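Before any comments, here is the structure.
In this document, chain identifiers A, B, C and D correspond to the written order of the chains, with residue numbering beginning at 1 in each.
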Amino acid sequence: MSGVSTLLRRREFGVVVAIGVLIAVTTVISPSFATGTDGFRNLLLTPSLLMILAVAQGIVIITKNIDLSVSAVLGLTAYATGRMFVDLPGLPIPVVILLGVGLGTLLGAVNGTLVSLGRVPSLVITLGTLYAFRGIDIAWAGGDRVNAGELPREFTTMGTQTVLGVPVLFVVAVAVLAVVAYVLGQTRSGRELYAIGSDDAAAVLYGLRVRRRVFFGFLASGTLAGLAGVLFAARYASVSSNAGTGMELEAVAAAVLGGVAIVGGTGTVLGAVLGAVLLTTISRALPTLGIGEFWQQAVLGALIIGAILLDRVIAARQARRLRSSHASIAVAPAKEAVT
Amino acid sequence: MTTTLDPVRQTPKPRPAAQRWRSLLLGRDAAVIGLVALVWIAGSVFVDNFGKPNTVYFLLLDALPILLIAMPMTMVIISAEIDLSVASMLGLSSVVVGVLFQGGWPIWAAVAVALAVGLVGGALNGFLVATVGLPSLAVTVATLALFRGIAVGLLGTKAVTGFPDEHKDLVSDRLFGPGTAIPGILLVFVVLAIGFGVLLHFTPFGRATYAAGMSARTSRFSGVNVPAVKFWLFVATGFVSALAGVYWTLRYDSARGDNAAGFELAVVAAVLVGGVSIFGGRGAIPGVIAGALLIGELRAVLRLADVSADAINIATGVLLIVSVIVPRLVTGLHGRWRRARRSGLESTSSSD
Amino acid sequence: MTTRPPGDPHDEPPLLELRDVSKTFGSIVALKSARLRVERGSIHALVGENGAGKSTLVKIVAGLHQRDDGSFRLDGEAVDFSSTAQSKAAGIAVIYQEPTLFPDLSVMENIFMGRQPLTRWRRVDRAAMRRRTRDLFQRLGVAIDPDRPAMGLSIADQQIIEIAKAISLDARLLIMDEPTAALSGIEVDRLFTIARALRDEGRGLVFISHRFNEIFDLCDRITVMRDGSYVATHDAADVTAAEVVNLMVGRPVETLYPKTEGGDVGEVVLRVDGLSRRGTFTDVSLTVRSGEIVGMAGLVGAGRSEVARAVFGVDDYDSGAVTVAGTPLRRGNPRAAIRAGLAFVPEDRRREGLLVEESVGRNIALVLRRKLANWGLIRRRDEDALAAGWARTLQITARDLDVAAGTLSGGNQQKAVIAKWMATDPRVLIIDEPTRGIDVGTKTEVHRLLDELAGRGLAILMISSDLPEILGMSDRVYVMSEGRITRELARDEATGEAVMTAATTLEAVR
Amino acid sequence: AGCSGGSGDDGGYDIAFLPKNLGNPYFEASDKAAEKAVKGFGGSFKEVGPSEATADGQVTYINTLTQQSVGAIVLSANDTSALCDALDEARDAGIKVVTFDSDVDKECRDVYVSASSPKLIARNQIDLIADQVGGKGEIAILSATANATNQNAWIDEMKPYLKSEYPDMKLVDVVYGDDDDQTSYDKTEALLSSHPDLAGIVSPTTVGVAAAARYLSTSEFKGKVALTGLGTPNDMREYVDNGTVTSFALWNPEDLGILASYTAKALLDEDITGKKGDTFSAKGLSSDTTKFTVGSDGVITLGEPFVFDKDNIDDFDF
């Protein structure tokens, strides 16, 4: 199989095409959509946070788990970041960023511990921590809001700044993607995540450290959600207790849209990220395409259904192909079996 | 070594009824029911105004949508699927009632159409999950967006209000006259609970639901029509969600696209607290009713104690986590304790 | 390399020594006092009836379960594994009874998961992995594409990958729990060649099987277990199969194939006409009469199970027709088949035959749930009575009917599956591998049962890879090869040679 | 028990504030001032509310307050009629009901404390934006939720005023940021990309105007697209300083909270009943006014919106 045809066959390719078509059509209708300086910047900037959450969700879903608490982790770290700037004015920005991300890691560790040590389904645990983390966030923030004026200028400009026309946030998201994609695709521990998602009972028999890996999956997810939280504070420069509400399902939707199977073991974080880009681009493009803003969610829903139907068709085709190539066991000429 | 532990070479009998009762009384359901009572007592003792007829009345009204949707949701989860689109269907049904009512339709006709929409939406979920065979988590996340999107699309963020009093009274009237605790609308739930309880625990369809949840493959090999079972469960869930949407509309006199947004997680939480396994194949209706009541009760107690909404959320989350972790710990400790006891016995006997 | 005489323990400690190991699962005693001693450079057979505790013992050695009591020494040193990773690190490779593959991953990753070759940058070296996988397959004499996903592999292929995996570990102790259960003769021969080579390199092997010819063919020593306890260890040369069976069962077994000759054979009940499914089987026609046991023989992968599944309706087919007692069956509809009087005991008990988490009682009542209902409602009492009746008839061994079916031993699980189908009072029974992985004692019981059912007028289609079983039990034999029926043999024509010739016909032509 | 209206331990005035939602800085400010006022006249104060601005969330809290038999409920309504049944029940139990900021149907409450009149606000907003865009071009409105009573009333007043006074200006779009910071921010962005020729944005909601200002200040539209609305000085200070916004308006939310508290007190004291012409007094407002009169339909008006700009913004801190 040639490189090109492998590329064309990749599930991710379809998403890229969809994004491309969408941007092209929208830009024809309203040129500023992708060509104006702001248009281009927003094209990349708007999806950045969701891209990071999609990577987080992708890691966890590949291990056949799910992390519904990402949005609450994002909210809590975003608020904590803002609070640190207000309450500890002496702290250098990088330290605050690290502490914010670290808080995400900590919350991820809570999820990971409950899921892997308690051996309890992650849907249940992270649904619980979604409530709990969000509750803590609201209890802490109350009606308070950290405003743009209270955050250091250098920090908030980071949220919207561009380097050579590319927003910093987008660069961060792509860097996260590159690192995680490398780890998942090319290292032993990454491949073990796929194995665990594919069949966790087999992974135990195999001697893989399932609990530890799952724990680290959640740790990574928490860390990335924490990073997204810090960046949220930078981008919106204003944080209240409801930051990121509802993004957990968007992150799941992005992963699914990008071909990460909810049943674990397949898909890539690249796909999840592309899913995130497609999802945000759609909701930005719809008004321009003349679809009322209120209908966006409906279109989104229909689209996800389309994506999972497509996955099903692809999977069925592949299964047929595997079956017809089944003659594998055709007994090879009896070679000298042992050398 | 005790002989009772030996594998017995004799024909097995059904477990005696007494033993079955014992395991039922020591079971998960009983624990949740006990907890409901415990919170009740604690609330009555420590919280002013708790335990009055009005508290019960409002508690039941508030818990009703969860109680309603939890019934079919229990069966869906036992069949090893999940439906996250229930709250969106609730919102959609509410909007349908509102839009048609606003358009001059008689309310009963609007309600009928809303319930039909529930059936259709449920059938869409059911078709995609059962017939096409897509994972329900993904499908219902999609229809969550779809139903909610249609609801919001139809009505924007406007609201339709001003439903006629005689219809609103249907949901708010008290069964035994003014000042008493039980809302008449609870009868709808009682009927539904009995219906789903019997369906799940005493009918071939219920057996098929458990079987489908434990192993779809074995079920198919045993002549269980797994897709049909799941399809109808999703249809039922859509229908009951729409019913809850009608209730919501009349109770709050407000048809809005964002009614009950995020509510699906509360329903799932209630079902899981009620002892249903997210992996399917395990769980029962009484436990789920207790689970939903427990959450509703806890919220009422905390609210009356002037604890803010955030703490209530934390409590719900912790309750959910505790409800799955504690049984694990208990079985784990129980096993360890038994092993310890056994090896203790052995060492004494061997020292003899 | 010579085989070390089974000897003086003071001389050098054995490779593996387990003493008085016990293990319970809840109230189920899996092991009471098991013992096993494996020397370097020997192949050790572990035999025992279903539920004797062989697999449990293996899992304790693998670190998957932890023993409750007893001692466990490796090279004379006391060890305690808390995970399979530790046993692997200690040089123990295990092929489990159940294949354990990752369906979404490629075949080669399945083999090397967790220990993939790395490049300098700690990157997984796919090229090296592919190369080593090809080498392994070459040694095993198979040609499986290393890059294809494990999804969709037949059980036999899966088993071969398990074997490749275990061999690639280069372990000093290789434990194989029924590795041959899904393999055909040629593959078994290859496996044995490799096993002997490993022994000659000085490694220790443990081999679990219910097939005596394999055990005596391969193994040096035999340890017999019964009811979770050690019974005896013998040199394979010193005992006969009959003696081993006596030790296993604790009582003499009269005959393995209690076939009633010359029973009444009635009219055709099951008729299959020109059934085809693209890529799986072609133009399969057969008949089964009431009171008749029809055997279906063939090599693994011949497509027998697929035909059976298509006939019963759990799989679809492209063309052809199935009729039961004259009424044509709708295709792809198991419920219609059951209504017409078909019963089907599938080959994969745990995944297709039983709800392993459900009670034995409800498993038995599952198919009949609608008939049990009165006015749409099922009464617990009726369900219990039905289950208890059939449990008694089939002599199922279990603490009570409320225990989960998955906790029964293999043979009892099989009886539970048969019970659930007998409860439907069928006219035709299709039974796929009736005694796969079942011990001798239970095997005879199952055979007697089949004979009795045929005697009562049931039409039985019996698929089996166990040639003696086919020859011993069948009134008539169909032989399949590569998806086609190549031969139909009457009982007196059916010899081992005739069946094997027919089973390999098409291959020979090619 | 408690039908006599708030016989709490603290000497009589048991007043509960129920904002649209918790975590809204506008209500934080007004409720904090209200707390001080209530404590000041010896009452007991509490603030409860839903975390999302929905009517059903408020109903639950009204029910709870009814069970607790508080003396008075002071609320800003998320819906005009949806709360009526619950409020009726509360009033049947002897509880006084004051709405402020956002009203319900007049039959369901005793009095409404209005920040300003819709007419005054609509004119003020349109005048401000017209001034900034030079009286012509496309403008759009970034509102809160689509059924926020007050917002809709203002928008309804704006349209005819715009037509009659500024015929060269055109209202091209009304979008809803749901009083959510992130949504408002994203809606601003969407607005600008779908209307490239937009000259100005009016956002008569504190959350919306702050979010829109933040968006504009970092975009290419800064200084090109005008923005005004109703905002708090603390939120907007930065954008006034950097030139994104020239002027905006608001009344003092603290005054509103204080006035609502005194209104509740007056009801509990039975100084007023909601009849037109009833008078009462309030202390501690930032303006000099102390005497207030109930207008028709039981409406009490605080006053005209106040315009903030570069010159005066630093005099305020809320």
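The criterion applied here is as follows: a residue touches a chain if its C-beta (ideal position, glycine included) is under 8 Å from a C-beta of that chain, and two chains touch if they have at least 3 such contacts.
Only a predicted model underlies this, so the values are computations on that prediction, with no experimental measurement involved.
Greatest centre-to-centre distance from subunit C is found for D, with centres as Cα means.
Centroids of subunit B and subunit C (each the mean of its C-alpha atoms) stand 41 Å apart. Separation between the centroids of subunit A and subunit C, computed from CA atoms only, is 43 Å.
The mean-CA centres of subunit A and subunit B are about 30 angstrom from one another, to the nearest whole unit. Multi-chain contact residues of subunit A (touching two or more other chains) are listed as 138, 241. Touching two or more other chains at once are residues 156-157, 261, 308-310, 313 of subunit B.
Looking at which chains touch one another, you get A-B, A-C, A-D, B-C, B-D. Subunit D makes touch with subunit A in their complex at residues 22-25, 27-28, 31, 51-52, 175, 180-182, 185-187, 189-190, 192-194, 196, 210-211, 214, 218-221, 234-235, 237-238. Looking at the complex, you find that subunit C touches subunit A at residues 62-64, 83-88, 96, 100-105, 109, 113-116, 118, 122-124, 138-145, 148-149, 151-154, 156-157, 160, 186-187, 190, 193-194, 197, 279-280, 301, 507.
Put simply, subunit D touches subunit B in their complex at residues 22, 46, 48-52, 54-56, 59-61, 63-64, 66-69, 79-82, 84-85, 145-147, 176, 178.
Those residues of subunit A that touch subunit D in the complex are listed here as 30, 32-33, 36-39, 42, 46, 138, 141-145, 147-149, 157, 160, 236-238, 240-244, 284, 287-288, 293. For subunit B in complex with subunit A, the residues that touch the partner chain are 82, 84, 128, 132-135, 137-139, 141-150, 152-153, 156-157, 257, 261-262, 265, 268-269, 272, 278-279, 308-321, 324-325, 328.
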